[in-house]
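Lettered A, B and C in written order, each chain numbered from 1.
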Amino acid sequence: MEDMRLKGAIEALIFASELPLKLEKITELLAGDFAGEFDGHLDKKEVKTLIENIREEYEDEGRGISLLEIAGGYQFRTKTCHASLLQKLRAKRPPKFGRAAMEALAIIAYRQPVTRAEIEDLRGVDSGGVVRSLLEKRLVKILGKKEVPGRPMIYGTSRFFLEHFGLRDLSQLPSLKEFVELDENEEGMISPLNEELPYDAIEG
Amino acid sequence: MEDMRLKGAIEALIFASELPLKLEKITELLAGDFAGEFDGHLDKKEVKTLIENIREEYEDEGRGISLLEIAGGYQFRTKTCHASLLQKLRAKRPPKFGRAAMEALAIIAYRQPVTRAEIEDLRGVDSGGVVRSLLEKRLVKILGKKEVPGRPMIYGTSRFFLEHFGLRDLSQLPSLKEFVELDENEEGMISPLNEELPYDAIEG
Amino acid sequence: MNYQVVLDSFEGPLDLLLHLIKKHELDIMDIPVALITDQYLKHIDIMKTLNLDVAGEYILMAATLMHIKSKMLLPPSEEEETEEDGGDPREELVKRLLEYKKYKEASEELLSMDMLDRENFLKGFVEDVEIEDSEEDASHDVTLFDLMEALSDLLKEAKAFNPHEVNREKISVKDKIEIIIQKLSAEGSLTFRSLFDKASSKNDIIATFLALLELMKMKRVRAFQGETFGVIRISSSEKSLGTVH
């Protein structure tokens, strides 16, 4: 069965990759390796279908791993239901975020590209320290400088941010809850952000 | 199904473990996590049966990974048949040792504990350089000093040696001739481990 | 020399206002400015008493609140012409608070998402076995505001107090740091109150409090509470590493 070998190859590739593996990369690697068999014509759609098959198989209750779409690629991760067990296995403790850092991170995530001054306006407090610590944790990166007097840095979230929070892309961020004055108990939803961010273009 | 959840938990543990995970350790972790359900009486045999189930499932042709018994524990590794594909994925190829180093490694593996003088006697050439490089690659470790005049170092293979060559224990070593040839078609196994990292620190 | 504690990553004035609104169960759309200004200034006073580095932002907000309060006292007819359609003087502040609240809540939501190495784990690879001096559990760390309120309760119970007579040179914060460490190493974790000896003077209370802040800043101790506005407990960061909830 050709499909079976292909499927196995896809699983092995995603498993062995250190970073989430993109569909294009998987297709390219497979087309090279199975060259004789496809005349170099391996369709991305075909590969995608096989990936979906694999993903479904891992959904089974008896499986402890799932195949996720993270930062535009595919990656195996353990299922959330086994978190406490795995925390016992791992010596390292999960990274901890202070509240101030998380506030700044949320503002950067939803309002990017954003300057430090804009973050400070929103938080009402100096945010140089927390922005620096987010940069150190690689959750945030400098996108460039704003073409205004003083040329301040502009910040955005990194690819690692997506990986850390298990997001396929920024559109998967939870919606911001907008306070609506008229309906007392109802909170309006606002689309998280303009999804046209040149995310990958910026990604170095 | 309790068994299903347990099976998933086992899969997640082996997947996430940094080193091959021993049956005892798996049982201990599970007994702790599923405490309420087993009254702390989780049988090693039961766990072993589930591991065997998982192993069989991965044998399927459509799977690219297999569950192996390595260095006395369990670990997932990509199947040998996908080796050439995976090497293309990896920017860093697995270390090539060269014939001299493989000879020295074979001598150490089969004759351990062994001194450098004994290696040099057998090979007929100075072997200080290759032994040092094997130590640096953590395939070989110092076992101690020999109680003879000059107190020379004695060497043996490391746990990482077993992992790198996918051996459960030293009794699985192939014949000497086969072993030296392993390096030539070393595509064999792609270890899921990042081989740059300090093993021995963890090995204790 | 005065003992100066700078807490750089603590919340700002907007957070303090939200804290007060929540605590007093106020309607954010109809804030009683007199009450909130009063409460806000009390907090600033405590911070000053503690010789905390009260950031300029806090002072600016205090001025803003007092400005709004004074405007609220004016009859609407005497409102200046420049104020378009005699709008609610609180409007600007409420807008800022709502905007800030939106992101604060978003940050809480982010924190509750599945995170790598917390809920989901990657294929194992060897990493440095180092235990970070941090942890996350069901309880949450208290804010500076919570601590200040607890302090203010303690001070109320102690004898009459004049901040200008506080002589910090006499009671060494360094000594208090030693005492707290000793208590914690004997007990593991303590309630906030049990850090303070009964019938201690106000100077003493303040010195202990400053010592606690200093230890928190050095990340040697952690203050947390099981629920919002619950009992504050202090534990040693070094000791609590093993526990996972």
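Side notes on the structure shown:
As a working rule, contacts are C-beta pairs under 8 Å (C-beta built on N, C-alpha and C of every residue); 3 or more make two chains touch, one makes a residue touch a chain.
All figures in this text were calculated on a predicted structure; none of them were measured in a lab.
Using mean Cα coordinates as chain centres, the one most removed from subunit C is B.
Across B-C and A-C, it is A-C that has more C-beta pairs touching. The chain occupying the central position, as judged from C-alpha centroids, is A.
The mean-CA centres of subunit A and subunit C are about 33 angstrom from one another, to the nearest whole unit.
Chain centres here are Cα means. That of subunit B falls 51 Å from that of subunit C.
Annotation for subunit C: residues 121-123, 125, 127, 129 touch two or more other chains. In subunit B, the residues touching two or more other chains are 12, 15-17, 76, 192, 194. Within the complex, the subunit B residues that touch subunit A are 1, 3-5, 7-13, 15-17, 29-30, 32-33, 61-65, 76, 78-79, 81-82, 84-86, 88-90, 190, 192, 194. By the touch criterion stated above, subunit B contacts subunit C in their complex at residues 12, 15-19, 76, 192-194, 197-199, 201-202. Across the complex, subunit C meets subunit B through its residues 121-129.
Across the complex, subunit A meets subunit C through its residues 15, 18, 68, 75-80, 83-84, 86-88, 90-103, 105-107, 109-110, 122-126, 129-130, 163-166, 174, 176-179, 181. By the touch rule above, subunit C contacts subunit A in their complex via residues 8-15, 28-29, 55, 57, 61, 96, 98-111, 113-123, 125, 127, 129-132, 134-136, 141, 143, 244.
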